[in-house]
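In what follows, chain A forms one complex with chain B and a second complex with chain C.
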Partner chain A sequence: MNFSTEDNSNHTIISITVERLDAAVAPELKKLVQTLVAEGNNRILLDFEQVLFMDSSGLGAVVSGLKSVGDEGEFVVCGLSGVVLDLFKLTHMDRVFEIRSDRNDGLQALAA
Partner chain B sequence: MSKADIEFSIRSDISLVPFVGRALSAMLAASGMSQSRVSSFELAVVEVVTNSIEHGYAYDKNKKIDLLFTLTTELVEVSVHDNGKPLPPAIVQRYTSGKSAIDIPDVGNIAELPESGWGASLVATLCDEVRYEHTQSGNALTLVCYLNENTSDKKIG
Partner chain C sequence: MKILVVDDEPTSQLIVSEIAESLGFETVCAESALRGLEILAESDISLVLCDWEMPGMDGPTMIRKLRASDHGRYVYHILVTGRNETKDLIEGLNAGADDFISKPVNPDELRVRLRSATRVIELQQSLDNRNAKLEKANKRHEEALNSVTSDLRLAADMQFALLPKEKQLAGINTNWLFKPASFLAGDIFDYFLVGDSQMVFYIIDVEGHGIPSALTSFAVNNQLNPSPQGMCRRHLRATSNVDTAVLRILEELNRQFAKPSGDNRYFTMIFGVMNLFSGQITLAQAGHPAPLHYSTREDSVVAVGNGGMPVGMFESAKFETTNIEMHPGDRLYIYSDGAIECPSTGGEFYGQSRLEHSVRNWAGIPIEKLSSILDKEFLDWNGTSQFEDDVSMVCLEYQTPLQLGANRVQSSSYNGVERRLAEQPLNTTSKDSFRQH
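Let's turn to the complex of A and B:
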């Protein structure tokens, strides 16, 4: 597994447990979020703390996750650094996503 | 730079792409290039190799991609060769357009956000020079990045 999930009463935390979120891993993330949403979990925190590298395929899966939760859901990302954060900025996705520094900050955003 | 310092090939399997990135990072570790610049160039090379597999070879895992790495005191150059179908002119234009603007998404229209299509524009933005050549032996996309950020007129981040 390249991801771990932690279900709480009103949100789910997805931790990416690999260093590279790329084309080999992205389809699994996309499917995971779709499954969670289908099960009624549409308030999601995606934790990038362990991720050192992401390509545009990985970013595409993250965008897919945001779209999957829909207008009624919430999708927050946290723990971005280095080239991962650069990629959000280069593609202007930093304007689209709720980006928080770490997991605690991300959980506060979901609770707000 | 008539001869590459390092040449190797991978099968066109998406799970092998990380080895390309790691080889590039290892080669540049003692080059004096900043870590952020190494990571950005690694991203560009990974995008090109991934595109070769996805679009050039349509995910056929039994094809081959050749990589030629050259490092000088001023720059690093990586050539990615495949025998897949030629790149469409519109994609070549995006690869070679220099630091082109990546479309700003419509923040208010989440449902229509793109989930793909950034690759060529990212490569153009992250590299100092991109050259494309299609011959009888296939596609060759060559990426160049100066080691020193000040040598380049481009900056990311």
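Let's turn to the complex of A and C:
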């Protein structure tokens, strides 16, 4: 498994458990979020804590997640660092995503 | 099933034959080992009952000769013998016998021996059949793979043919590097003159790589083609405000490629227009790594732009433009992320700061030699010619400002562009042909 999920009463935390969020694992993330949303879990925190690299396919999957939860849902990302954070800034995704420093901070954003 | 009975004594031959026939076998008889071998060579018999002691060639010798020849099938060989000492058994097995039956032949024992022989032969035949089928399937797959590989090579050649050939355009010198990760790249770039005072340049990197990304890159490239109906000329003709034209081009591309479902592939790009008289560049940076501007005056390298959203990701995306003043001798490098994320053998990325440093070092290298320098740089860094991601890089050098009345230069370059267009059948392909899956 490249991702682990933790279901709570009103949100789901997805931890990315691989160092590279790239074309090899991106389809799995895309599908995972779609499945969660289909099951009614549309408040999602995506934790990047362990991710050291993300490529264009990885970013595509994260954006797909944001689109999946729709206007009704929430999609927060946390734990971004290094080149991953750089890619968010380069592509102006920091203007699109709610970005929080770590998991606790992310959970607060979901609770708000 | 047929059995070959080999025995020099007619009586024994008859007894064994009758028992075998009573068990449902069809028998063929030979009075000598030599005749037996001839029959095996001419028929498809796979089961032999053969006497050990025979004048001329004996049973074990017959088996050795049989095993040494290839009949394209396995022949199960039972030796009929009065011998029952261990060393005889060993000799028979060494010769290649599969089983023994003692003389005089007991019908019950023969039935058991023949049943086990039949089982082995049938198993062998089903294995042979399966092997033949697998071989056939393998051959089909190999042929299919060869055909796909050759198609991909052809497509890669076509993709390469789309890249700009000219390296001198009305006061601008260029050079580039293009290294697809697989046969086909999701990267593509071009530059060409528009009207009598402008040059358009762009580099595109479609999400992912390989065939699906390449198809999208072909489709985008097709939209941007230098023909009068192409997006670039259309928008640059419609307004004298270059910033507006550049933004309209990106917005139109975004409208075409962003799908609400999000099932499309997005792409990052640098799209720029250079004024050949003033050296002013107007460019948009859509999620693409920052272009590097080498200034001869300052002998310094500056990363240009503040980033921006990729194209085809969000329908509501907004784009921004940046301006650069180019002076004679200045160079602008545009490149895909595959260049700065190119890993060394130790796994270290090439990185943007190293690239900035390199760009400054390359300032003294004549631009026509730059392509081989770039090639060597990334090959040496990567350690192998197999790249993880497409690596492409284009260098534009502003040599001399275009002078008024230099129409001859412009028209010859313009004709060159038209010629290149005529040579590229893909550029005339409707965009719809890329979208049918």
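We adopt the following convention: the second predicted complex is superposed on the first by the 112 of 112 C-alpha atoms of A that agree within 3 Å, B and C clash if a C-alpha of one lies under 4 Å from a C-alpha of the other, contacts with A are read in each partner's own complex, and residues count from 1 in each chain.
In this section, contacts are C-beta pairs under 8 Å (C-beta built on N, C-alpha and C of every residue); 3 or more make two chains touch, one makes a residue touch a chain.
Remember, it's a predicted structure, so these values are computed and weren't measured experimentally.
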item	value
Chain A as common anchor, with chain B and chain C clashing or fitting	clash
Contacts of A:67 with chain B and chain C, given as first, second, both or neither	both
Touching partner for A:56 - first (chain B), second (chain C), both, neither	both
Partner contacting more residues of chain A (chain B vs chain C)	B
Touching partner for A:82 - first (chain B), second (chain C), both, neither	first
Touched partner set for A:24, first chain B, second chain C, both or neither	first
First, second, both or neither for A:96, with chain B first and chain C second	both
Superposition clash, chain C against chain B - the stretch among 20-28, 38-46, 56-64 or 182-190 that is involved	182-190
Shared chain A contacts, counted only where both chain B and chain C touch the same residue	23, 53, 55-57, 59-60, 63-64, 67, 83, 89-93, 96
Parts of chain A lying in touch with chain C, wherever the complex brings them together	23, 53, 55-57, 59-60, 63-64, 67-68, 83, 89-93, 96
Touch list for chain C against partner chain A, complex	205, 207-209, 262, 265-266, 268, 287-290, 307-310, 313-314, 337, 341, 349, 389
Interface residues, chain B side, partner chain A - complex	14-15, 17-18, 21, 35-36, 39-40, 42-43, 46-47, 50, 53-54, 102-105, 107, 110-111, 113-116, 118-119, 122, 125-126, 156-157
For the chain A and chain B complex, residues of the former touching the latter	20, 22-24, 53, 55-57, 59-61, 63-64, 66-67, 71, 82-83, 86-87, 89-93, 95-96
